[in-house]
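The letters A, B and C name the chains in turn, as written, and every chain counts its residues from 1.
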């Protein structure tokens, strides 16, 4: 296992780089701690896979360096980095048996036959592949194939980190959950450094200790699932995490309050200095809004109410701005004279889409 | 990386060198060809090409070849499309055997059929017509076209057909309006192969024609024996037979690799 | 894929059956007819039974042509298949040069076969051909019209020149179907170049290679025009392959009976090979699904 440091990493697929927009991955400094389980979350094309391929050495970055436990490996070939990677679509060597598939990385590295046998059987047991060792790999189901891909990484005792590139894309939904908990279990038991790329927030939030959110080639936030939820550092994180996403509406500042359509939203945690001339927005999660007939919130009109089972989502209008409000099963939605009640501890202020830090 | 590029380049040079030599000769006078040995024409001349474009016995060869090749391609595609659809979508009595029987015709040596074809087409009065050569070439082009098209059609999910039938399309309308456009690349590839194999064939084309439908290949072989040593004109004629191939291949360049794998990759 | 069962599909294949029957079955009947009969002219035929077959199977001439045919097919297969694989592996996988390479490589495939013959006939001549003249100036005694070995070498090189690209294009198509992730996984697993070839590239080329071997076997077994133009079957009968022999017999000497019997034997050999191929291919298809 190893700690992985990324220093000033940036990558462009174009041979001649002219402007910032040419970079698929913008300058990035980051540390993956030894034994951590990280999820790399973001929409398609945000640079997740590029970053993963740089770590595994399939791509050489345009700028910057990568350190494994303090040693520079930027220019090292993939096979010398001791990285394991599981791809989106299962990669198995069709003509080989499951046993030979698992033994392949060890045999390529010249490991003795008896040690190979021991490792392969151990890993097969661990992944519950013990019964199909003699079968041809090509005839297996997608989830078994993904287990083989994972197993080919795990058989190598010295593996520095295991990278997952949306590994559950082609797995049946009911098996996804099972495979994910098996992964978590493996992580707990062996303390591998794991980086898990996905665009599915549920997958990211359930798998990882720390979630790294990427957007447009840059890391916009790294944090625990709670931090991402409560203090999104970028409006994108607010939209992307949570369902429904965060309400983000333009505002301006009056003293220590955010003004939206003439109504003041107080912010309990306060904020540091707002950059001059920045476009300001206020972000509040639907979970921290409520509707009431009385109280001193601004009056809103109710547009529609969606029943999502365990809760309902009400869309309300405050002048030109729309808010989504989460309403519990047992709470009632006032049909007229509704006022919007805001939890002042969970109001975030954004300047040019970035969070304005607390004072 | 370097050695790989070198291998590719060397191979292409190996392919182009003989063609270049033909081109080189076609631009020389016969005197120069026979007297001096030079890597490029010392005395550049287009006389050989002018001979071909002004002498009907030469340029008619190209016209005749083009006519029967185009006829063959059209006939082949018209009959192969429905057949390939049947093979890719339906189980029917004897389908496997029929498919195999068709393929065996692709494997029939033209030499075996040369004489019987001559007798057959003479007896029905088709000897020395374009349609005779076009039909004879169907022997190996239809099986190939059915095979290629079947490969491409099997790549189209059957749900498309089902949806169209549910939407009330009749078979002919579905086939011409929806299905055919979907496999247009396959049709292009099949047409390319029909063109190619019909264009390059000599034996049957020569056996089945004498004057009116004489192909360019036949014209070339006969002229060699008759006038003997007109190397320059022969080379020019050869170069002109390569040009249609280059044009056709340019149109299917994006599908060529898949096409040569008969749509089965 | 599951198919619908419907015998009305016969209507769709009917045009193909009719045309191919017209151009295959009737001529084949003629061949069979000749093969079992003899004539003294005047269109009077009498039953000859298996006499022609016996004659052909015993004739030295047929044995010679058959032996040369198998040798030729064997030589060109053992050169073109490995060479084709090698070049397909060496080709760039993507980029600007790919269509360029493909078009240039396909070029020999589109040249009429007699022109291919003409090109090499000229190319190999000592007086006016680049190859012949170069070899001659290097002091190598080369003459494909007089020397058997030289004639064979010329024909083999010509066939390699003409058809290796077919193998290249087929293999290349197979290689293109391998997703990048396979190569990446192989690098992560520390696979050597050989292991990558053996376990990733070769399995993906299986089917196209089978097609390549079959097409090359068939077409080389039926080869007529190119050697006919270059050597005319000579020197002597040293490059007289089956098709050349057959045409000589049927059209040159008008020995219809033996020619027809030989045609049938010839066709049966090819059929046997294609049947084996077809069976293997359907077996692979089933194994895959």
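Just so we're on the same page, contacts are C-beta pairs under 8 Å (C-beta built on N, C-alpha and C of every residue); 3 or more make two chains touch, one makes a residue touch a chain.
If you want to know which protein each chain is, UniProt gives these names: B = Carbohydrate ABC transporter permease.
The shown structure was predicted, so the numbers you read here are calculated from the model rather than taken from an experiment.
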item: Most extensive contact between chains (C-beta pair count); value: B-C
item: Centroid comparison with chain C (C-alpha atoms), farthest chain; value: A
item: Chain centre separation in whole Å, for chain C relative to chain B (CA means); value: 16
item: Separation of mean Cα positions, chain B and chain A [Å, integer]; value: 55
item: Chain C-touching residues of chain A, taken from the complex the two chains share; value: 53, 56-58, 77-79, 83-85, 87-89, 91, 93-96, 104-105, 108-109, 149, 152-153
item: Chain C residues touching chain A - in the complex, by the definition given at the top; value: 179, 181-182, 184-185, 187-192, 195, 199-200, 203
item: Chain C residues touching chain B - in the complex, by the definition given at the top; value: 1-10, 12-13, 15-17, 19-20, 22-24, 26-28, 30-31, 86-87, 89-92, 99, 101-115, 118-120, 122-123, 127-131, 133, 161, 164-166, 168-170, 172-174, 176-177, 207-208, 211, 218, 221-222, 224-225, 229, 242-244, 246-247, 250-251, 256, 259, 263, 266-267, 270-271, 274-275, 278
item: Residue ranges of chain B touching chain C (in the complex, touch as defined); value: 3-5, 7-8, 11-12, 14-19, 21-22, 25, 33-34, 37, 39, 75, 78-80, 82-83, 85-93, 95, 98, 100, 102-117, 119-120, 135-136, 138-139, 142-143, 146, 154, 158, 196, 199-203, 207, 216-217, 220-221, 224, 231, 234-235, 238, 241-242, 244-246, 248-250, 253-254, 256-258, 260-262, 264-265
